[in-house]
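What follows is a group of structures, each given as C-alpha cells.
Consider the two complexes below, in which chain A is the common component and chain B and chain C are the respective partners.
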Partner chain A sequence: MRVKAIWQYGKVYIILLIGLIILSVIGWRAMGQQSFVRTALSGLTLGALYFMVAAGLTIIFGLMDVLNFAHGAMFMIGAYAGWQFYTNPTFLFGLAPLVLALVAGIVVTPLIQPLAMRWAVPARWQRTLRAVVIVVAVILIIVALLGLDVRGLAKTAMVATMVDPLAEATPQEPLAVFWKRPLLFFLAGLLIALAQARPGDRTQVIRSGAAPRAIVALVGFVLLTVAATLTRESGAISVLKMNADARFFLSLAAGALIGAGIGAAIEISLVRPLYVRPTFLILATMGLSFVLRELTQLLWDPLPYAMSRPPLFSQPGKAASILEWFSKHTLTVEIMGVTFPSYRLFIIALGLAMFILLMLVMNYSRLGMTIRAGVQDRDMVEALGINVRRVFTLVFALGAGLAALGGIGAAPFAPVEPVMGDRFQMQGFITVVIGGMGSYSGAAIGALLLGLARAFGDFLALKFSLTPAVSEASTVIIMALVLLLRPAGLFGKKE
Partner chain B sequence: MAPEAEEREIILEARNLRKEFGGLVAVDDVSIQIRARTLHSIIGPNGAGKTTLFNLLSGTMPPTRGSVFFKGRDITHLPPHRIAHLGLGRTFQITNIFPNLTVLENVRLGAQAMGRHNLRLLTHSDKYTQYLDQAEQVIAQVGLRGREHMLAANLPHGDKRKLELGIMLAGNFEVLLLDEPTAGMSSEQVPALLEIIHNILTSGNRTIVLVEHRMDMVMSISDFITVMHQGRVLAEGTPREIASNELVQSAYLGALYGDLTAQAEK
Partner chain C sequence: MASQSKSPKRFAALDSLLQGLKRSRGSLLVLAVLILFPFVFARITGTSVNEGPAKYWQGQFIAVFIMAIFAMSYDLLLGYTGILTFGHAAFFGGGAYTMALFLTHVAPRFVKTYRVSLPGGLDVTEPSAFLLAILLVVVVSLVLGLLFSIVSVRVKGVYFAIITLAMAEAIHILSKATDFVKWTGADEGLHGVPVPAWINPTQYRLRFYFIALAFAVVMYWLARRIVNSPTGRIFVALRENESRARMIGYNPALYRTIAFVVSALIAGLAGALFSVWTVSATPSMTSAVTTVNALIMTILGGMGTLVGPMLGAAVLEFFGQFLYQWFGARWPLVFGIIFIVLVMFLPYGIVGTWRLRSAQWKRRWSLRKQRAAAQE
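Moving on to the complex of A and B:
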C-alpha cells in the first residue's frame, strides 16, 4: 500500500532518475570520464539558463493562461541592462529620472478618480476622451525626448575598455537643459492617470484607503525623481568607482528589478485589457517582443557584445578545487579531472539558487499558496476575497524579473545581442511543454533534460562530424516523446 | 424554520436583474430579497438561470441590467474580491476546492484571504497563527479532523464537499451562496452535509442562500424558497406556500421530479 502510494506520486521522478543513471553509465563508459564530465557540466549550465526563462513562463501560463511571447525579450533586456550597469551605467542613470517622473504622475489615479468620475462626460464620448488624453500624453513624451541624445547615452558602454572605469564616465546633459524633460514626463503621467480614472464613468467604486496610499506614493516618487535627476552623473561615477565584483552583483539586482518593473508595466498596460481575448494576447506579446528587439537594435546596433567577467571569475590560473577557487577567484576550476570555467559554475549555482528560492516562495509563502490555488481555480480564489488582478501583476513581474536575472547571468557567457531572447524563448517554451504547463518543478526537470540533451547532442555531432542541427533537433524529439507518453507534460496539471 | 424569519431585515437584494448571453436571456428581470439569518433556497430545473443569478450576485459577471444591494450598499459594479471582503461568499457548482493543496492549506487560504494581512504576501504562511487556529477550528466543525495534511485531491467526494464548506466557513462570510453543495453526493452522504449546513446557520450570525435540486431537502430546512424557471421567478414564499402553490405544483414540480428521476436512472 505504502509502496504503491510512493510509486503513484514519484513514478515520473523514479523513471527519470533510473533513465539518467543508465544513460550516465553508458556515457561515462563510451566517452571517457573527461569528455563525459565536461559535457555534463555544459549541459547543466545550459539547463540552468533554460530554467530561468522557463520558470516565469510556466508560472505565468499556469496562473493566467497567458502564453507570454515577450518573455524572451525580458531575458534579452535583462542581459542588456546588466551589461550596461556593469560596464557603464550612464544610460540607465540618464533615463531613470524620466521613468520615475512618469510613474510619479500615474500613481495619482486614485486621487483624481472621485473628481473625474463625477465629471459630466456623455457615455459615448468617454472612450474618445480617454483616447485623446492618452495621445496627448504620448505627444508630451515625444516632446520631452526631443534633442535628448538617447543613442549617445546608450553607446557609452560600447566603447568601454574597462582599464580605467572612471575614464568611461560620460557627461550628462546639464541640469539647466534637462529639467524640462522629467517635468514633461510627470505631466504625461498625470494625463495617463486621468485616462485611468475614466472621466464620467460613474459605475466606478472608490476604494477607501486608496487616496492616502496614493499620496504617499506620489511624494515618494517625486522625491526619487528629484534625487535621480540630481545624481545622473555622480551616481554613475560612484557605481563605476565601486569594487567590480560588488558592481557585478549589484547589476544582477538592478537588471532583475528593471525586468520586474517592465514586466509589471506590460501586464498593466498591454496584457490586462486582453485577458478576455487570449488570441490577441499571443499576437500582442509577440508584437511587443519584435518592438523591444528592434528598439534594442536601434539603440545598440544588431552587433553582439561580450560583457567582461567580473574579477571574481577571471583571475589567471586554475583552481585545483572549488574550495580553492573561493580564495583564488580563478578563471577555471578543476572538477573531476576536467578544467571548467568558473563562471559557468556560477550560472549553475544561480539556477539552483533560483530554484530553491522559488520553491520556498511557492510552498511556504502566502503568495505561493495563492498562486498554487489560483493555478487550480482562479474564480474560487477571487470569491474568497483575493485580488487576483494584483496577484497577476505580481506574478508577471516576478516571471519577468527571473527571466531578466537569467539574462544578466548569461551576459558574461553568451554574446549580448538583440536576438538572444528569441533563442532562449524557444527553448523556454519547449522546457515548459516537457515539464508540464504551470509546474515550476516540471520546468526545472525539463530544463535539466533539455540542457543535457543539447550538450550531449553537440558532443555527438562533433564526434561523428554531423551537423549541429542534430542537437537542436534532439530537444524537439524529447518534447514529442514526452507529449506522446504524457500529453500534459511530465508534471502537468492542466491540459 | 425560524418563526420570526419574515420580520428580519433584508441583507441581500437583487433589483430587476437581467443577464443576456448573446440572444439568450439567462436571467430575466429577477428581483429577490434575502433576509438576514435565514436559509433561502433557490430551486429550478437545469438551465433555469440559478448559477447565473449567483454569478451576478457575487460579481463574477456583470449584469446586463439591474442592480444588487448588499447591506444597503450598491455592489453591482464591485469586483468579486471586494464583494467577498464585504462579507458575501459563494461556492461554485463544479470545481470548488484546490486539489493540490492540503486540507489545512485549503481552509487556511479561506481564512487568510479575508484577513487584514492581505498585502504581506511574502511572509511565511504559517506565521499568522490566528489563521491556523481558525482553520483547525473550522476543520473540526465540518468533520475533517485527522485529514488536515491530506491532499484535497485524495479526499472522497463527500469530504470534498465538506472541505468546500470549510473554506467558506473560514472566510467568516456573513452571507454564503452555496451552488448545489450536494451535487454528485450519494443519498447516504446528504444528511451529514445537511446537518453541517444547518449548524452553520444556527451557530453563527450567518445567512445562507442555497441552490438545490432535491426538493425534499429544501422543504425541510428552508425558511424561504424561490422557484426559478427559464430565467424568471415562478413563485416565492415559505416552503408551505410553495408546496401548496398550484402553479408550481402543476406546471413545474412534476417536471422537476421527472428531470430528477431521469438523472437518477443514468
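Moving on to the complex of A and C:
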C-alpha cells in the first residue's frame, strides 16, 4: 500500500531519475569520464540559466494565466542593467532621478482620488478625458527628455576598459540645466495619477489608510529624487571606486531591482487593462518585447558586448578543487579530472540558490501561500478578501526580477546583445511546457532536462560533424514527445 | 423579393446570379479597379505599362497581393477558429523554400532528363516542371500542417501558441543551419532562383501582376467558400464555445486540424509565389518576424473578416514604406509602439471597427426615423 502511494505520488520523478541514471551510465561508458563530466557540467550551467527564465514565466502563468512574451526582454534588460552597473553606471545614475520623480508623481493617486471622483464629468467623456490626460503626460515626458543625450549616457559603458574604472567616469549634465527634467517627469507622474484616479467615476471604493501611506510614499520618493539628482555624478564615481567583487554583487541586486520595477510597471500599465482579453494580452506583451529589444538596439547598437568577469572568478591559474577556489579565486577549477570555468559553477550555484529561495518564498511566506492558493483557485482567493490585484503586480515584479537576475548572471558568460532575450525566452517556453505551466519545481526539472539535452545534443552534433543548430532545433522534439505523452507537461495540473 | 417570386422559373438561375453579383458588388468593384490599375496608371504617368513608375507600382501591388493572402490564411486560424498560432512563418517559408529548392536543384535536372509534350507535339517540359513544383509545395504544406497539428491539436490556447512558436523556430534554425549550406545557402538563403522564363517577374511584370491577382482572387474565393460552408461555421463555433461544440457532437481536434491544414496550404502557396516573385528564399521568410507581420496585418485590418487582413496587408506595405522613410532605422521601434496601441485601443481593426460603428449609426439613424414618424 505504502509503495503504491509513493508510486502514485512520485512516478514522474522516479521514471525521470531512473531514465537519467541509465542515460548517464551509458554516456559515461561511451564518452569517457572527461567529456561526460564536462558536458554534464555545461548542461547544468545551461539548465540553471533556463530555470531563471522559466521560473518567472511559470509562476506568472500559473497565477494569472498570462503568457508573458516580454519575459525574455526582462532577461535581456537585466543583463544590460547589470553590465551597465558593473562597467559604468553613469547611464543608470543619470536616469534614476527621472524615474524616481515619475514614481513620486504616480504614488499620489490615493490623495487625489477622493477629490477627482467627485468632479462632474459625464460618463461618456470619462474615458476620453483619461486618454487625453495620459497623452499629455506622454508629451510632457518627451519634452522632458528633449536635449538630454540619452544615447551618449548609454554609450559610456561600451568603451569601458576595466584597467582604470575611474577613467570612465563621465560628467553628467550640469544641475542648472538638468533640474527641469525631474520636475517635468514629476508633473507627468501627477497626470498619470490623475488618470488613475478616474475623475468623475463615483463607483470607486476609497480604502481607508491609503492616504497616509501615499503621503509617506510621496515624501519618500521626492527625497529620493532630490538625493538621486544631487548624486548623479558622485554616486557613479563612488560605485566605480568600489571593490570590483562588491560591485558585481551590487550589480546583481541592482539589475534584479530594475527588472522588478519594470515588471511592476508593465503589469500596471499594459497587462492590467487586458486581463479580460487573453489573446490580446499575449499580443501586447509580444509587442512590448519587440519595443524593448528595439530600444536597447537604439541605445547600445545591435552589437554583442562581453561583460568582464569580476576578479573573484578571474585570477589566473587553476584550483585543484572547489575548496581551493575559495582561497584562490581562480579562473578555472578542476572537478573530477575536468578543468571547468569557475564562473559557470557560480551560475549553477546561483540557479540553485534561486530555486531554494523560491521554494522558501512559495512554501513559507504569506505571499507564497497566496500565490499557491491563487494558482489553485483565483476566485476563491479574491473572495477571501485578499487584494489579488496587488498580488498580481507583486508576482509580475517577482518574475521579472528573477529573469533579470538570470540575465545579469548570464552576462559575463554569454554575449550581451539585444537578441539574447529571444533566444533564452524560446528555451524558457520549452522548459515551461515540458515542466508544466504553473509549477516552479516542474520548471526546475524541465530546465535541468533541457539544459542537459542541449549540452549532450551539442556534443553529439559535433561528433557527427553537424552544427549546434541541429541540436538546438531538436530540443523541440523533446517538447513534442513530452506533450504527446502528457499534454499538460510533466508536472502540470490536468484540465 | 417580390420581383423574384413573380419572375418565371427559367430566370431563377440568372436571378440568383444577379443577386450574388449585387451582394458582392463591392469586391467586384475593387477587382475591376485592380485589373484596370496598371493601364490607367501607365496612361496617367504617360509611360509604357512595362516600365518606369508603372512597373514599380505593379511590383508594390504584387507584394501586397501575396502578403494579403498570407495574412488572410492567418485570419482563418486567428479570426475564425480562434487559434493563436505563432508558427505561420513555417508554412510560408516552407512553401518558399520548397519552390526555390525545387527550381534551383531539381528542375534543371528534370528538364535535362525528361521530355514532356502534349499530343499535338507541343513541348511543355518546363511548365510541367513548374507544375510539379507547385504540387510539391502543396504536399509539403499539407505535411507541415499535419505535423504541426498532430503535436499541438490536443492542447489549447497558450500551449498552442508556444508549441507552434517552438516548432517554427526549429524550422527557422534548420533553414539557416550551416549543415545544409550546399542546398539552402544557410544564412544567405537562395538567391537568383531560376524561375521559368515565362513567369519571370522582371521581364513579364504585367503578366506576373495578373498571375498574383488571379491567385489572390482564387484564394480569397476559396477561403470565403470555406468560411461560409458548414465546416466554417463549426470553426466559428469552436472559437465561440468549444465545449458546446463538442457537446453537439463535433470533434474539436478534427476541425481544428482541418482549419490548420487549409490555412497551412494557403500560406504555403503564398510563400511559393513570394519566392518566385523575389527570386529568392531567405531564412527571414521562416523567422518569427514573418508570423508577426501576418499577425499585425490581421489585427490592423480586423480579425475574423477575411477582407480585413488583406486591407491590413495593403496598409502595412504602403504606409510601412513611408514610415520607414521618415523614421529610418528607428522604424521597428515606432512599429512596435503602433502595434501595442492597436492591440490596446483598436482591437477590432479597421474593418471590424467600421462594421461595429456603421451598425451603431444605422441603428441610431433608424431610431431617429422612427421617432420622427411617431411624432408626425
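As a convention for this text, the second predicted complex is superposed on the first by the 492 of 495 C-alpha atoms of A that agree within 3 Å, B and C clash if a C-alpha of one lies under 4 Å from a C-alpha of the other, contacts with A are read in each partner's own complex, and residues count from 1 in each chain.
Methods note: a contact is a pair of C-beta atoms (placed from the backbone, for glycine too) under 8 Å apart; a residue touches a chain by one contact, two chains touch by 3 or more.
Bear in mind that the values here come from a model prediction, so they are computed numbers and not experimental data.
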If we overlay the two complexes on their shared chain A, which of chain B and chain C does A:387 touch? Say first, second, both or neither. first
Which partner does A:274 reach: the first (chain B), the second (chain C), both, or neither? second
Applying the touch criterion given at the start, work out whether A:226 contacts chain B, chain C, both or neither, answering first, second, both or neither. neither
Check whether A:145 is in contact with chain B, with chain C, with both or with neither, and answer first, second, both or neither. neither
Regarding the shared-chain residue A:205, is it in contact with chain B (first), chain C (second), both, or neither? first
Once chain A of both complexes is superposed, is A:367 in touch with chain B (first), chain C (second), both, or neither? first
After lining up the shared chain so the two structures overlap, which partner does A:466 touch, if you call chain B first and chain C second: first, second, both or neither? second
Touching A:359, do we find chain B (first), chain C (second), both, or neither? neither
Per-residue touch tally on chain A - higher for chain B or for chain C: C
For A:250, select first, second, both or neither according to whether it touches chain B, chain C, the two together, or no partner. neither
Chain B partner contacts - residues on chain A that touch it in the complex: 203-205, 207, 361, 364-370, 372-373, 376-377, 379-389, 391, 394, 493
State the interface residues of chain A toward chain C in the complex, per the touch definition above. 61, 65, 67, 270, 273-274, 277-280, 282-284, 286-288, 290-291, 294-295, 298, 422, 426, 429-430, 432-433, 437, 466-467, 469-470, 472-476, 479-480, 483-484, 487
Inside the complex, what are the residues of chain B that reach chain A? 58, 60, 76-82, 84-85, 89-92, 95-101, 105-106, 108-110, 112-114, 117-118, 120-126, 167, 171
Listed in rising order, the residues of chain C that touch chain A in the complex are 78, 84, 151-152, 154-155, 157-159, 161-163, 165-167, 169-171, 173-174, 176-179, 288, 292, 295, 299, 330, 332-333, 335-337, 339-340, 343-344, 347
